[in-house]
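Here chain A shows up in two complexes: once beside chain B, once beside chain C.
Now for the complex of A and B:
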């Protein structure tokens, strides 16, 4: 952690980057910190409690500016950065990525290939919470699953924290913000809540890297991260990609093949 | 105002008689790992060991979505059916914290700012509040900094202060409170002289409102908004759990020749909230929206409506995914 902090301080002092996005001690747990000088960077921390996905900030132009910046990234953030790169949202000459590996050593990534090679070492596994809830859902019939999600979604009050916390929800205008015409009714109701969550899930298919930020952000405790995670798990074998790593042959929802084995798409 | 004593058994009987009276009773219930207000029938359903409900009781007097009127076009004529206040059922809110009850005043000040809001007022008339003073608080609580206290009775019809024997001091504060007591007067005994203050959590004030207000009056162009809001991701979690946030949207739900006009929750933190048809947005950046949130609560409302727009419940700080801690931010503004 000290090495990472020292490196961040040096990067700012020598002018290599104009900003380091990292973590500082918060009031309840570590929180995002934006360091534009080395004095602020001395507050940086990096440990296992730092799981907020900082990749959510790297596409915000008003935050990161035009100059080169650095981000401190645990594995979940690295996965999102790779996906953002594949989607042409990031460029190597603007971003420097710092992490601390499992042996406690500071790692500095200049190219996305380096990040890709590093991320490939880590297998995407369900945590205890994910396993518990998903196992329950997988044991349900279709009707039971529908009931489960309808009940969960009934708590949604459309604060869109799930969207705001997601690094891959970088659209400057989200489908719920298109109001001419209003595609999705903005008030919470069983139908409009489901419309939002189905839309969100569909837009995440083959892109979600299961960082869990959406579920973590939900103030009313809906395990919405599990929808996109499960879709990621289910899609990976079908589309030949490794969960948590970008699809090499295009995103599932935005690519198609003439020789697709499904009739409807041909 | 009258003070009485009610035993633990008496409380249970009184609760039963309120339910039996046919009024809807909402109380904090623990389910799915969260405590929130739900329709209850039995006292055993009511949550016990918690600091704060995730959501405030705001929805009881300002529903998440409410039909203002419905309309139908027929042979070139438009038939309107207005909101009917008589459709609102009598409602009792049980085990409300003083910071939630105190939220009614700022909410009503906004809704009745220029003209009387028929819907909000209809809910208020039909709602009775039985608050419980606070014996516990956490690091997000700061009611004592915003004119409140763990035993504040503002907005309550009856306030109960639970005693070590399980009974409670009952402060009967309003005619609505008297009407609730009248449902089972026999369980209300003479005041035993129990000291309410001894049952309340000690929560020292963290800042002075006057000081904050004075600082904010000069802070519109301060860099503090940008500094504080850098990590804000622009969701509406803080606004939606807040007992006093009243931003709303008006929407049409049209199906052929019929339709409903709906008022639903909105949030000043959303980019769409102030977006003009022209494409211009006077609050284009998150920092401007954060400034609006703070100035509205701590400057505009005290100046224009003579009520502070924050009750110190701490919900926004607890709900925020990125630890935008309002107490920390306001305290730092006060110290500037």
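Now for the complex of A and C:
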């Protein structure tokens, strides 16, 4: 952690980067910190409590500007960064990625290949919470699932925090802002809430890296991250991609295979 | 609620212009009789059929949906139906997770020469949906706080 802080201070002092995005101590838990000078960078921390997906900021042009910048990233953020790279949202000459590996050593990545090789060592696993809720959902009948999600969706008040927290929701104009036609009604109601979440999941096909930022951002605690996670778990083996790893055969929905499953087509 | 014997399912069919629409046309010109419960919406390609349209059909009172286009390798635009097939696989996965009744969405390939297949498809789907009954589960939710929005678009 100290090494990372020192490195960030050095990078800013040298002028290699103009901005370091990292974490600082918050009132209850760590919060994002944007360092434009070494003074601020001394407040940087990095430990297992740092879960905010800072990759959400790297596509914000008004924030990162035209200069090179650095971001501190745990594994889940690294996966998001790789996915953004696959979607041509990032370039290597603008970004420097800092992380601390399991042995406490500072790692600095300049190229996306390095990140990809590093991330490949880590297996994607369900956490305790995810396993518990998903096991419950998997054990339900269809009617029970409908009731479960309708009850959950009735809490949603369409704050779109899930959208803001997601590093891959970077469209400048979202489908819910389009009102000719109005695809999804803007007021919160169980149906339009469900439509929004189905829509969000569909836009995440082959892209979601299951970082859990959406579920964590939800102010009413709907486990929305599990919709995209479950979908990702079901579809990744079938479509032959590894979430958070560069797609070798193109993105899931912009490519196809001749032998894709079609038993459901009569 | 009407009893299941006099329930007439409302079915919306999203079909592609080049194969299934022409196929349905052939059904008519061949004077084959089929169930009248289906309302056909013509699209340039199955790749153009947005998944939200399917949800919107249910919200507006459809009991079942048919989605049909060219057979694989027959697409007028070469690969539209392959892309569509992928999207349907993903869509079915998401809907099943959410608890939407995916038996009510019938996917099919019907070519321009398969007039009789179209008649069979509609008849079989109508029979299936009739057995499932009206989709009140979805429509009950759709009627709640949603009606106003649909009138605005008219």
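What we mean here is this: the second predicted complex is superposed on the first by the 253 of 266 C-alpha atoms of A that agree within 3 Å, B and C clash if a C-alpha of one lies under 4 Å from a C-alpha of the other, contacts with A are read in each partner's own complex, and residues count from 1 in each chain.
We adopt the following convention: a contact is a pair of C-beta atoms (placed from the backbone, for glycine too) under 8 Å apart; a residue touches a chain by one contact, two chains touch by 3 or more.
Quantities reported herein were computed from a predicted structural model and do not represent experimental measurements.
Novice: Report for A:29: first if it touches chain B alone, second if chain C alone, otherwise both or neither.
Specialist: In the superposition, A:29 touches chain B alone.
Novice: So, A:56: does it touch chain B (first), chain C (second), both, or neither?
Specialist: So A:56 only meets chain B here.
Novice: In the superposed model, does chain B or chain C contact more residues of chain A?
Specialist: With both complexes superposed on chain A, more residues of chain A are touched by C.
Novice: After lining up the shared chain so the two structures overlap, which partner does A:177 touch, if you call chain B first and chain C second: first, second, both or neither?
Specialist: In the superposition, A:177 contacts chain B only.
Novice: Would you sort A:185 into first (chain B), second (chain C), both or neither based on which partner it touches?
Specialist: So A:185 meets both chain B and chain C here.
Novice: In the overlaid three-chain picture, which partner chain does A:240 touch, first (chain B) or second (chain C), both, or neither?
Specialist: In the superposition, A:240 contacts neither chain B nor chain C.
Novice: May I ask you to decide whether A:65 touches chain B, chain C, both, or neither, giving the answer as first, second, both or neither?
Specialist: A:65: touches no partner chain.
Novice: Check whether A:220 is in contact with chain B, with chain C, with both or with neither, and answer first, second, both or neither.
Specialist: first
Novice: With both complexes superposed on chain A, which partner does A:164 reach: first (chain B), second (chain C), both or neither?
Specialist: first
Novice: For chain A, what residues appear in both contact lists, the one with chain B and the one with chain C?
Specialist: The answer is residues 182, 185, 187, 189 of chain A.
Novice: Quick check: in the complex, which residue numbers of chain C touch chain A?
Specialist: Against chain A, chain C makes touches at 51-52, 55, 59, 72, 79, 82-83, 85-101, 106-109, 121, 124, 137, 141-142, 144-146, 149, 152-153.
Novice: Over in the complex, which chain A residues touch chain C? Could you list them?
Specialist: Against chain C, chain A makes touches at 137, 140, 142-150, 175, 181-185, 187, 189-192, 194-195, 197-199, 201-202, 205-206, 227, 230-231, 234-235, 238-239, 252-256, 258, 260-262, 264-266.
Novice: Using the touch definition up top, name the residues of chain A that touch chain B in the complex.
Specialist: So the residues of chain A touching chain B come out as 26-29, 31-34, 52, 56-57, 62-63, 155, 157-161, 163-165, 177, 179, 182, 185-189, 213, 216-217, 219-221.
Novice: Across the complex, what residues on chain B touch chain A?
Specialist: Answer in residue numbers: 32-34, 36, 54-55, 64-65, 139-140, 230-231, 233-237, 239-241, 249, 251, 253, 262, 264-267, 270-272, 285-286, 317, 319, 321-323, 325, 328.
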